[in-house]
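Each of the next two complexes has chain A plus one more chain, namely chain B in the first and chain C in the second.
Moving on to the complex of A and B:
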C-alpha cells in the first residue's frame, strides 16, 4: 500500500520531490523544540496548487494524514506528523506573485520565506515593508501568519494574521477556494467586507486546509529607525509605562525584556521602544514625545532611559534580531524553549512573577522577551527557558518549566500562543464548551476524514 | 574619609568650583552661600542639579575636592542623580561574583588594564602595543563610575578588593587604558587615603613614550582634530600635557575651539543617563557645532564611553570619530 502511495505521489510531483528515505524523514520528524519526534511516511514538495490539490485528494481518498509545513520553526512541534502520513513541505512554492505598490499589498505563495520577502521588498520597493517576526529568515511568511505570529509592526497594526488581504486554500477534500476580494475580483486588496471566512484557517495549524497563496498588507517603511530602552524595577509600573507609550502612537514597535543575565539586567525590566522617521527631525519629534510621556516616572526616579552602547543598539535594530536567540540560550547549551503567552498587558506583573517562580522551582534560569500587540490591547509574554541539548537533566527541567508556564498562562487569564498538542488539550479543557463544540463541528465539516494535521486541535465532543 | 579642607573654601573668594559650572548658572554671591551649605553638610540645589561632570575638581585651584564632597553628600542625603533602575543596572554591572582572584598566567609587565572594555582588546595590536600584557574584566574595574550615581561608598567598598586583585599579580606598574581607572588609583584613592601599592601609568604617558621610540616610523597625519575630554580627566589634569605632545608627534593640529581644555563640555552620555534630555541635546549640539566651526576633520576620544555617546552625532556632522590610540596607529601605518 505504502509503495502505491509513494508511486502516486511521484506521479504528482516527480521523483525528485518525494521521499520515503529515513534520513530525509528524520528531518521532518522533529523541530528544534522539545516535542517528542514522530516520523512521517512520506515527505512531498509540491510546486503548484494543482499538485497540492492532487496530493490532498489522494490523501483524503486513502485517509492518510497530511501535515502542511513551512520551515518547521514553531518550536512547539506543530509540524511533527504525530500520526505519520505525508508531510507537505511547501517551500518549493516560493513565488512572489504580485506587488501592488499603490495598494500596499503583496501576493505570495505559501513557501516564501521571511528573508526572501524582506530582500524582495528592499530591492523593489524600499519604502514598503511587511511585519517581520523575530524568526530566522528561513521561516515562512504564511507559516507565521497561520500561527498568529507577531512582528515589528504588531504594536502598530495588530497580529500579523490581521494583515491578510486574501487567501487561496486547498480544502481537506481537495477543493480550491479563494477568500476575500480575490474570490470575485482580480485584486487581492481585502478580506473584508465579505463574510470572514479567513477565520476558518488562521490559527488552526493546518487542520482545516492548506493555504497556498496569501495576500499580505505592506506598510510604509521609514528611512530612519532608532530604539530607546526604558528601564524599570517595578513590574506594576510597566503596565502604566506601556499605556503611556502606546498612547503617544509614536512608536512602531514596543517590546519587553527581563532576564537575570547578563548580571547588569538582574532585577530590572526593559521596554524597547522603536521609533521611525523619514528625517532626523521626525525621529527627534517622536523621541521627545515618548520621553515626555514617561516624564512622571522619570521625575519620581522610578524609571529611566538606558544609555545604549553602539554595539547593543546595532543588535537591537537588527531585523530580525539574531541576538535574541543567543540571549535566550543563556546556558550556551544550544537550546531554548518558550511559552508565548498572549496576555492582557495588565497581567505582566503576574506573568513575570510566575516566570521567576517557575525557574527557581525547577532549578533553572530564564529569559523573558515580549511584544506589545496593538496599542496595548494585549501582549506576547515569552516564558523562555534555556537547556543544554547534551544534558538530559537540563532538558527535563526545561520541559517541566515549559509545561508549568502553559498552566500559569491559563491561570492568569492568558492564552498560550502556538501551543503544542498537549498544551492544546489544556486549552480545550478550559475553553467554553460551546466554543469547543463549534470548533469540532467546523473541523468535521471541512475535514470529514480527519486527515489534516491530526493530533492538533483534536476536539473530543 | 574624604580629605577635605573646609578652610580652603571658607577663605575662597572666587568659588570657581560653582561659578565656572557649565550646567548651572551660579553667580559669586549664590556660590558663596551654597558652598557654605555644602561644607556644613547641608542640602543645596547643587546636590540636586549637578550633572556629575567632575569639572569642579579641576576648577578648584586649591586642590580641595568639591566634587567628591558633592557626591558624598548626595549619598548621605539619599539624593539619586539618576532613576533607581538605572542606578541598579550600573551597580549590577560590576558585582564581584567569585571569591577567587583571577589568575592570568603569563601576564607579565609591562601590563595594561582595559578596565571593562573587552571590545577594545582587538584594537591594542601592532607595533604600538608590542610586548604588552592585557588584563581586562570586572576584577580590574575601577568603580569610579558610581560618582555619577550618588553611590560613592560603593567605590570605597569595592576598590580595596580591586587593588588587591592587581597587587596580587605583583605588578609594580600598571598602564591604564581608561582615564577613569588612572584617576581612581591616583586622585580618588589619594583623596580618601586608600593605599595603592603599584604605580599607575596613564595611557597618554605610555603612548607618548612609545611613539617617541617609534618616531622614525611616524608619518605625520596632517589633519585637524577636535579633542573630546572625558569627565575623569578633570581629576588628574596634570597628565594632559602628554596629549599635545602626542598630537605634535603624529602631526595633527588640535583645533582651537571654545569647548576644549578646561572649558570642555561633557560628551553628554552621563547627562542623558541622568535623564536630562534637553540639556543632553543642547550640550552635544553646541559641542559639535563648535567642532564644525573650528573646521575639525576628526573628533578624537580618549574614553570609550564618550565615544559611544557622541560618535553618532559627530559622524552625522561629517566629522570622523576616532579613539586616540587608533589615530596614533594611523600615523604608524604604511598608508599613513
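Moving on to the complex of A and C:
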C-alpha cells in the first residue's frame, strides 16, 4: 500500500520532490524544541496549488494524515506528524505574486520566507514593510500568521494574523476556496466585509485546511528607526510605564526583557521602545513625548533610560534580531524552548514572579522577552529556558519548567501561544465546553476523515 | 571535533546571504529538502554518530553534496560558525576511513592516486601546448596549473590566456614538468592523509627547484597551498598578479565596450577574502561597465563545482547551482559573465548551454578579457 501511495505522490509532484528515505523522515520527525519525534511516511514538496489539491484528495481518499509545514520553527512540535502520514514541506511554493503598492498589500505563496519578503520589500518598495517577527529569516510568513505570530508592528496594529487581506485554502476534502475580496474580485485588498471565514483557518495549526496563498497588509516604513531602553526594577511599575508609553502612540514597537545574566541585568526589567520617523525632527519629537510620558517615574527614581553602547543598540535594531536566535546557545547546548503566554499586560508581575520561581525550582536559567500587542490590549510574555541538547538532565529540567510555565499561564488567566499537543489538551481541558464542542463540530465538518495534522486540537466530545 | 554538533539549533540563517534575497546554500537550493541544508546535514551527522541512523546511499549523498562554499560559515549567527565546514569534513573523513564514500567520490580519489587527476586521464591527454612551455628553472614565478588547467578544456584555455598575458608583460616564469595535484578537493572530501601526501610532494619539488613565488590559475590551488604546512614561498592567484602588472604599467589595456558581471569563486572569495582585486582589473578596462549580481562578494552564490562536484556533479538538475547562477547573471543584462576560476568557468559555461543562453550571455575568464583588451 505504501508503495502505491509513494508512486501516486511521485505522479503528482515528480520523483525529486517526494521522499520516503530515512534521512528525510528523520529530519521531518522533529523540530528544534523538546517534543518527542514521530516519523512521517513521506515528505512531499508541492510547487502549485493543484499539486496540493491532488495530494490532499489522495490523502482524503486513502485516509492518510497530512501535516503542512513551513520551516518547522514553532519549537512546540506543531509540524511533527504525530500519526505518521505525509509531511508537506510548503517551501517550494515561494513566489511573491503581487505587490500592490498603493493598496499596501502583497500576495504571496505559502512557502515565502520572512527573509525573502523582507528582502523583496526593501528592494522593490523601501517605503513599505510587513510586521517582521523575531524569528530567523527562514521562518515562513504564512506559518507565522497561521499560529497568530507577532512582529515589530504588532504593538501598533495587533497580531500578525489580523493583517491578512485574503486567503487561498485547500480544504481537507480537496476543494480550493478563496476567502476575502479575492473570492469575488481580482483584488486581494480585504477580508472584510464578508463573513469572517478566515477564522476557520487562523490559529488551527493546519487542522482545517492548507493555506496556499495569502494577502498581507503592508505598512508605511519610515526612513529612520531608533530604540531606547527604559529600565526599572518594580514589575508593577512596568504595567504603568507600558500604559503611559502606549498612550503616546509614538512607539512602533514595545518589547520587554528580563534575564538573570549578565549579572548587571539581574533584578531589572527593560522596556524596549522603538520609534521611527522620516526625519531626525520626527524622531526627536517622538522621543521627547515618550520621555515626558515617563518623567514622573524618572523623577521618582523608579526608572530611567539606559545609555546604550553602539554594539548593544546595533543588536537591538537588527531586523530580525539574531541575538534572540543566539539564546539557543547560551549553555553551548544548541537549545531553548519557551512558552509564549498571551496575557493581559497587568499580569506581567505575576508572570515574571512565576518565571523566576519555576527556574529556581527546576535549577535552570531563564530568559524573558515579551512584546506588547495592540495598544496594550495584551502582551506576549515568553517563559524561555535554554537547554543543552547533549545533556539529558538539562533537557529534563527544561521540559519540566516548560510544562509548569504552561500551567502558570493558564493559572494567571493567560492563553498559551502556539501550544504543543500536550499543552493543547491543557487548554481544551480548561476551555468553555460550548467552545470546545464548536471547535470539534467545525473540524468534523471540514475534515470528515480527520486527516489534517491529527493530534492537534483533538477535541474529544 | 564533532563533539559540539549538538550546538546547531537548525535555525536556518546559514541558508541565506546576509540580505536574505534567496537561498544561498547550493545543495539546499538544489534539493529543497531540509536534510540538504547545512543544519539538516549537521543533525543527520549527529544522528549517525549517535547510532540513530545507519550509513546509507542517501546519507552519503547528503554529506558529500556540500560543495564547501562556506556560505553557512559566513551567515551562521552562532559562535561555532567557523567550525561548520570542519565538522562536515570530519564526517567525510570518518566515511573515508570506513570505506563508506559514494562510488563517484571513491573513483575521484582513486583516480587522483593512480593518475594524478580526478578523471583518470593519461598524461597524453594534457593540454598539447604544455610541451612547448618553458620549464621552471629559477625564473621569477612558477605558474602552477593544477588538474583543471592541464586536462579540462576550459581550464586549459584559461591557463593559456594567463600565460599569454605574462609573456606580453615580460614576466619571467616557468611551469612544472610533473605537477602533483594541489589537493584542495581531497582536503574538502575528508581525505586528509592524501592531502598531506600531495602537499608534501609539492613542497619537496618547490624546495628542490628553489621556487620563491607561485602563481596559481585556480583559486582552489591557491586555497590548498595556503594550507600547506611550513610554506616558505609567496603564493598569488593570477588576478592578484594581473592587477599588480596593470598598476605597474606593465600591461596597458585598450577599450572594451561591454557590460560585464563578475562571479566570485568561493575559494578566492569566502575562503580567502579576495573580492576586490578581480573587480579592479575589470574596472581598469576602459569602456567596460561592471554590474553586480544580486548575490555578490561574501554573499555570492556558488557555481556548485567545489569539493569535487565539478567531476561527480551530485547537484545536477534543472535547478543546479550553476543554472541558478547563470540565470542570476542574465538578470543583470550583462553580456559577459567574468570568472576567475577554471572550475567556475566550466560549470557556468555548461549551464549557459543547458539553459539555452548561448548568444545572450558569454562566460569569459578575466585573463581572456584582459588579453582581448591588451594593447
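In this section, the second predicted complex is superposed on the first by the 457 of 461 C-alpha atoms of A that agree within 3 Å, B and C clash if a C-alpha of one lies under 4 Å from a C-alpha of the other, contacts with A are read in each partner's own complex, and residues count from 1 in each chain.
Here is the rule we go by: contacts are C-beta pairs under 8 Å (C-beta built on N, C-alpha and C of every residue); 3 or more make two chains touch, one makes a residue touch a chain.
Just so it is clear, the structure is predicted and the values come from calculations on it, not from any experiment.
When the two complexes are overlaid on chain A, chain B and chain C sit side by side with no clash.
The three-chain arrangement built by superposing both structures on chain A places chain B and chain C 70° apart around the Cα centre of chain A, to the nearest 10.
In the superposed pair of complexes, A:301 makes contact with chain B only, with no contact to chain C. Once the two complexes are laid over each other on the shared chain, residue contacts for A:310 go to chain B alone; chain C is not touched.
Using the contact criterion defined above for the overlaid structures, shared-chain residue A:279 touches neither chain B nor chain C, since it reaches no partner. In the superposition on chain A, contact is made by A:71 with chain C only, not with chain B.
Within the superposed three-chain model, A:175 lies out of touch with both chain B and chain C [touch as defined at top]. After overlaying the two complexes on the shared chain, residue contacts for A:124 are found with neither chain B nor chain C. Contact with chain C, but none with chain B, is seen for A:23 once the two complexes are overlaid on the shared chain. More residues of chain A are touched by C (comparison of chain B with chain C).
Think of it this way: put the two complexes on top of each other by chain A, and the tightest Cα contact between chain B and chain C is 16 Å. Across the complex, chain C is touched by residues 16-17, 19, 21-24, 26-28, 32, 43, 45, 71-73, 89, 91-92, 113-116, 118-119, 122-123, 136-139, 322, 325-326, 328-329, 332-336, 388-390 of chain A. Only residues 231-233, 263-269, 280, 288, 291, 297-298, 301-307, 309-311 of chain A touch chain B when the two sit together in their complex.
Within the complex formed with chain A, the chain B residues making contact are 80, 82-86, 88-90, 92-93, 95, 97, 119, 269, 272-273, 275, 277, 308-309, 311-312, 316. Touching chain A in their complex are the following residues of chain C: 4, 6-13, 15-16, 19-22, 31-35, 40, 43-44, 47, 52-54, 56, 58-59, 62, 77-80, 317.
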